[in-house]
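Structures are listed in the sections that come next.
Here come two complexes built around chain A, the first alongside chain B, the second alongside chain C.
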Partner chain A sequence: MPFTAKSGKFNASIKTVTVGTGDKAITLGGENVLPFYTFDAPIENAPKVGIEITDFGMENEPECVKKYYEGCTTLADIAKKAASFEGVDFLCFRMEGGDPNGANKSTEELMAALKEVAEAVDCPLVVAGSKNAEKDAELLSKAAEAVQGKNAIILAAREENYKTVGAAAGLAYNQIVGAESSVDINLAKQLNVLLTQLGVNASSIAMNVGTAAAGYGYEYVASTMQRVKAAALSQNDTQLQMPIITPVASEVWGVKEAVTTEADMPEWGCQERRGVDMEVQTAAADLACGSNAVILKHPTSVATISKMIKELV
Partner chain B sequence: MYKVTFKFENSEDVIVFAAFGENLLEVARKTNVAIDAPCSGNASCGKCRVKLVGGTLDSKKTRHISDEEYAQGWRLACVSKICDNVDVLVPDIASAYRSRMKVADLSSPDEIKIFDDLKGQVCEAGIALKNDMEVVSIHMDTPSLDDTMPDNERLTRAITEVTGMQIVRIPYAVMRKLAVVLRESSFDVQVVWRRNANDVFVYDVLPKEKPVVVAGLAVDIGTTTVSAIIINMLDGSILAKGSSGNGQIRYGADVINRIIESVKPGGSERLQKAIIEETINPLIDTMCRQAKISHDSIYRMSVAANTTMNHLLFGLNGDSIRTEPYIPTFFKTNSMYTADIGIRVNPCAHIIVAPNIGSYVGGDITAGAFVSMLWNKPEFSLFIDLGTNGEIVFGNSDFMFSCACSAGPAFEGGDISCGMRATDGAIEACTIDKETMEPTFTVVGEEGTKPIGLCGSGIIDVIAELFRCGIISPKGKFIREGARVRHDQYGIGSYVLAFEKDAGSVKDVEINEVDIDNFIRAKGAIFSAIRTMLSYCDFDISMIEHVYVAGGIGSGINMKNAIRIGMFPDVPLELYEYIGNSSLVGAYAMLYSSESERKVYEIAKNMTYLELSAITSYMDEFVGACFLPHTDAALFPSIID
Partner chain C sequence: MAKFITIGERLSTTAPAVNKAFTERDPEPILKRAKQQLDAGATYLDVNIGPAESDGEDLMKWAVQLLQSEFDNVPLALDTSNKKAIEAGISVYNRSKGKPIVNSADAAGRIENIDLAAANDAIVIALCNGEGIAKDNDERMGYCQMLLERGLEHGMEAEDLWFDPLFLVVKGMQDKQMQILECIKMFSDMGLNSTGGLSNNSNGMPKHIRPIMDSAMVAMAMMQGLTSAIVNPNDLRLMETIKSCDILKNNTLYADSYLEL
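== the complex of A and B ==
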């Protein structure tokens, strides 16, 4: 008797969300199979890779990243350069300096920086906040206004500030609302319910269900992503069918494997290699668990992950 | 030494002297001034608010008191130290938990209906409504120089003649009074005894002409509330009924805090004193007065309580209940006597204890499950006891599963800023107008009683209504503004049910986001426990054929609202039945009917205990349920308007 493979195609599918405008616009989601299960059904929109820069320019970046941006003097230069690396699908601008416990830059200053970046590039844009929920309420609302017409992802509305961020990004300025929750399938779903009840279109939401560097409590992240995807596809849970976008760079470049210098830990080998390894491994795992987009920092990681996606999809 | 004057809204001042640096809450406890401190004085619950009206207190500011309130003199007693002569006003709400002992009016048929209903059901189940206590008139020959038999042998011989039993046990208390009673009544007496299989135990010997009452005491010891009845053991009638706050509450609101307190030096004695001398004995005094009987005519006692409460009642070490692998000292015991622990009834009275089946499923549940009669029916029934611990039983005549979840004291008004027990002044039901956002409510007590707080059923209504009217989000956060919605300096929203001028206390009656959050966790715990247990047994919510709801959370729960907020499963309303305080009714059954007592032991033995903490999916279910009504809205199809 011949072997007939049973298709693992689901009746439900992930919602598609288009980011950016014009030729370079990208589409996230749309698949009705598990991550990379192209043998069950074709995956129309391959996962996307973004590159992250911050309002500090090259100031806080590791040496191994700086060298790729040699000659860039302004944020606009940096943004253009970042967007030009091989495999970059979109650019993420993180307003790290807004953190009240850090540089505490003013909203005006950051909006000027954001506008500079947004005008410099024509690729799709993701605007990330300072990680401080209170400050982000203001920062991200203004950001949604500042990049009006760009169809950008505003990363992210959280339970504490979803009303302000959701209303500005999702209702007033027609951006895509990033919905960030902390590594729990129910909390992810609750935030989506709250946002849709606020009036945000379910097709204008991308989830960040939580993130971690591989080895740093990562199994919770993996399990949450997998279960979100399983519920979305096998149970047709419409409140979990939003595509997932996962910031990787902001996690991995702070862990000891990436920050310890070779002088301090000669037996660990090349520092750049370690940082890139952490980033690639984390991103590959995120994608295998169901992320539709990852945000990276090192051009080598971007190229590597992009190649991996091309070969698998 | 400084003079501390506690002032009250409706009673006389209490004056006490304290040393420099003494903690105000401790001073209040020592003086028996009731100030609610569910967190046991950690400054975490914010309920021990008092108002400084004279002098100064060395008092830290906490997040529970706004700047404005601090300026008005509001302080938390637990963080206040004595440094001056002070006058402190204790608001009603701070002492409301103690809520004056309440004695029921037995002329109202509602009060005894549940007991009568039970008797009917017990009979239907083929269980005899009788016990082994009897009063029999005994005549003995008067002793003479020719008949020199001692008194106890004379009594024994007379009893043997009547009963045919060779062994008659006469305890010390009877022995002590025997000579006088026999002679005063010319050896014509009435004897109260218990007839066992092998012997007769004599409880009392009384003069012939005296009317004899053979009474029994049934007590339900809840973590927050204690209720009791005195019954006539011969015909089962109710002679008195009363309730009171559990005096242990000032040592912590939940069982875990109580156990922690009990292992401190002298803690076990303090807790035992609080439950017996400060709670049960005063309740007995009051009920005996009402029933016009003497304490000595209470010959038997039954207790239904959760495992921690029955351990603390007997002064047993509760620490092993709290720590893995959670092993209590006893599940079932029949060797406890009232004299052992100083309960003010007849010293020979034996204590029937409703059996525990796990560390967190105690006698209150086995007694309650008996009352629900689910063990005698083919339908798959759910029994939910809403208390500080939520306990759930699922099953039918073939099998029974039980589990417990920690709901916290929210259903009895604890952990809620304006929460209180269902006594006078408690808002017990509420509706809110969707347009104007104005509330309409009913208050426990006589016509015209002003509201001072919210009891469990009131909280369910208020939250369900706030949610229905779109005033709060499914996360319990305020999303509409209005005259009754306000935000404090930290942005915490609240809804005012009654402004100070309309309230019966010195502050507004309101519910804030923290209260709502606490309550959502409590209801989430209940619902997720139900779901987890059902799925463990491979059952689905749609298979539930009957739901019994027990607990003293108010005169009754609005089931529709309880479903609306996702506390109870969305099954047709007619499947729900509120059975009141089933723990007390169960204690009554065990006291009055020996066969019922044995049946409860049998139920306990046949019930499978499910430890929720060992089921990994419980936490997921819990987080999913901490949302109004639930993260998975498909579980609540009926409430989609």
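== the complex of A and C ==
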């Protein structure tokens, strides 16, 4: 009997979300197959790669990242440079300095920084908060207003602040609402339900279902993403069909493998190599588990992951 | 496993208001009942136009077009003993939200409805019953085999035959209830889809009892592998039970708002 291959194409698909405007706008999602299963059906919108900068400019960056931004004096310079690296599809501006337990910068100061960045580049924009839910309610709401018309992803609304962030980003200023749950499939779904009940268009939501650096509880991230994609595609769960965006840089560049200098740990070898390896491995795993976009920091990681995507899709 | 499929039963000529609306081609009461059922979470709607011997073809076409144009091509079960009316309904049916269901074939006088479903690429409800009520599961499974083979011979996929064990009324046939549930398990073990008029079990019971009995029955039947049922979706207790069983069976992913979905 001849072997007839059965297509693993699903009758359901991930919703498409367009980020940015004009020629450089990108589209996330749309696939009706498992990640990279192009042999089952074509994947129209390949996963996208973003590069992350923060309001601290190069102040807190490791030497191996700083050297790529030599000559940049302002945030605008840094943003332009970041957007110019090979493989960059979008720029992520993280307002790290807003954290009340850190620099605790004022909302006004951060909005000025955000506007400087937003005006400097024409690529799609992701605006990430300080990781403090209370501060982010204010920061991200203001950010949604500050980048009006940019069709940016506001990263992210959480269980604690989804009403404020969702209303500002999704309803008042027509941005895309990031919905963040920390490795909790039930909450991932619930947050999408709550946001849509609030009135946010289901096609204006992108999920961050959790993130970790490889080796730091990563198996939970992997299984969460896989379960979300399985529900979205095989069970046609419309409340989980939003594309997934995963911040990688902010996790990876905080673990010892990436931050310990070669002087402190000579037997570990080159720090840059280690950091890039961690970032590439984590991002590749995220994409294989179903992320539609990843956010990275090192230009070599961006170029490597971008090449990987091009060769697989 | 796929989510449990509910077929809303409230568009039936057995309800005088619906009968009158069908006869007079009055859209308003039909659309109102359809909307109530869809809002409550019905996937399919059953369109029972009765025997409709004189004008069945015209009536079924009218009903299919009315419902599908108003409710985004809602999938329908075409329910009448008039075969020509079913064919007429399918001829104007839009499949974008699901194949039409032929309701129904049995192992006696209505076996040709299997052929009709096969010829029209439809789903068919295959009632495992001949003349009179089957005496045991040997008899039911004999009919099941017969209906399945007939469908396959005519080129159907097994998944498009939804086997109905024929739910029986508790008041009078209490001793048969476990038989029905065991029959569902046999369908399920064969990998077959199943459905049925679940609320038959509570026929003749006081109104406030019926949702309780129907909910208990659907939970036990879903445990046995029932994949669909013809129900009153406006029975909140029943629908909440179905949604909860879908969670326990891992057919849908849990979220705190699952009852609102």
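The rule is short, and it goes like this: the second predicted complex is superposed on the first by the 313 of 313 C-alpha atoms of A that agree within 3 Å, B and C clash if a C-alpha of one lies under 4 Å from a C-alpha of the other, contacts with A are read in each partner's own complex, and residues count from 1 in each chain.
In the analysis below, a residue touches a chain if its C-beta (ideal position, glycine included) is under 8 Å from a C-beta of that chain, and two chains touch if they have at least 3 such contacts.
It should be emphasised that the depicted structure is a prediction, and the values quoted were computed from it without experimental measurement.
Overlaying the two complexes via chain A brings chain B and chain C into a clash. Look at A:D184: by the touch rule set out above, it reaches chain B but stays clear of chain C.
With both structures placed on the common chain, the touch criterion links A:E262 to neither chain B nor chain C.
Using the contact criterion defined above for the overlaid structures, shared-chain residue A:E138 touches neither chain B nor chain C, since it reaches no partner. In the superposition on chain A, contact is made by A:L194 with both chain B and chain C.
In the superposition on chain A, A:E116 contacts neither chain B nor chain C. By the touch criterion stated above, A:D99 is placed in contact with neither chain B nor chain C.
In the three-chain superposition, chain C clashes with chain B only at 542-550, the remaining stretches of 542-550, 578-586, 596-604 or 614-622 being clear.
Across the superposed pair, chain B and chain C both touch chain A at residues 185-187, 189-190, 193-194, 197, 237. For chain C in complex with chain A, the residues that touch the partner chain are 2-3, 251-257, 260-261.
Residues 185-187, 189-190, 193-194, 197, 227, 231, 235-237, 239-240 of chain A touch chain C in their complex. Residue ranges of chain A in contact with chain B, taken from their complex: 159, 163, 184-187, 189-190, 193-194, 197, 237.
Within the complex formed with chain A, the residues of chain B that make contact are 473-475, 479, 620, 623-624, 626-627, 631-633.
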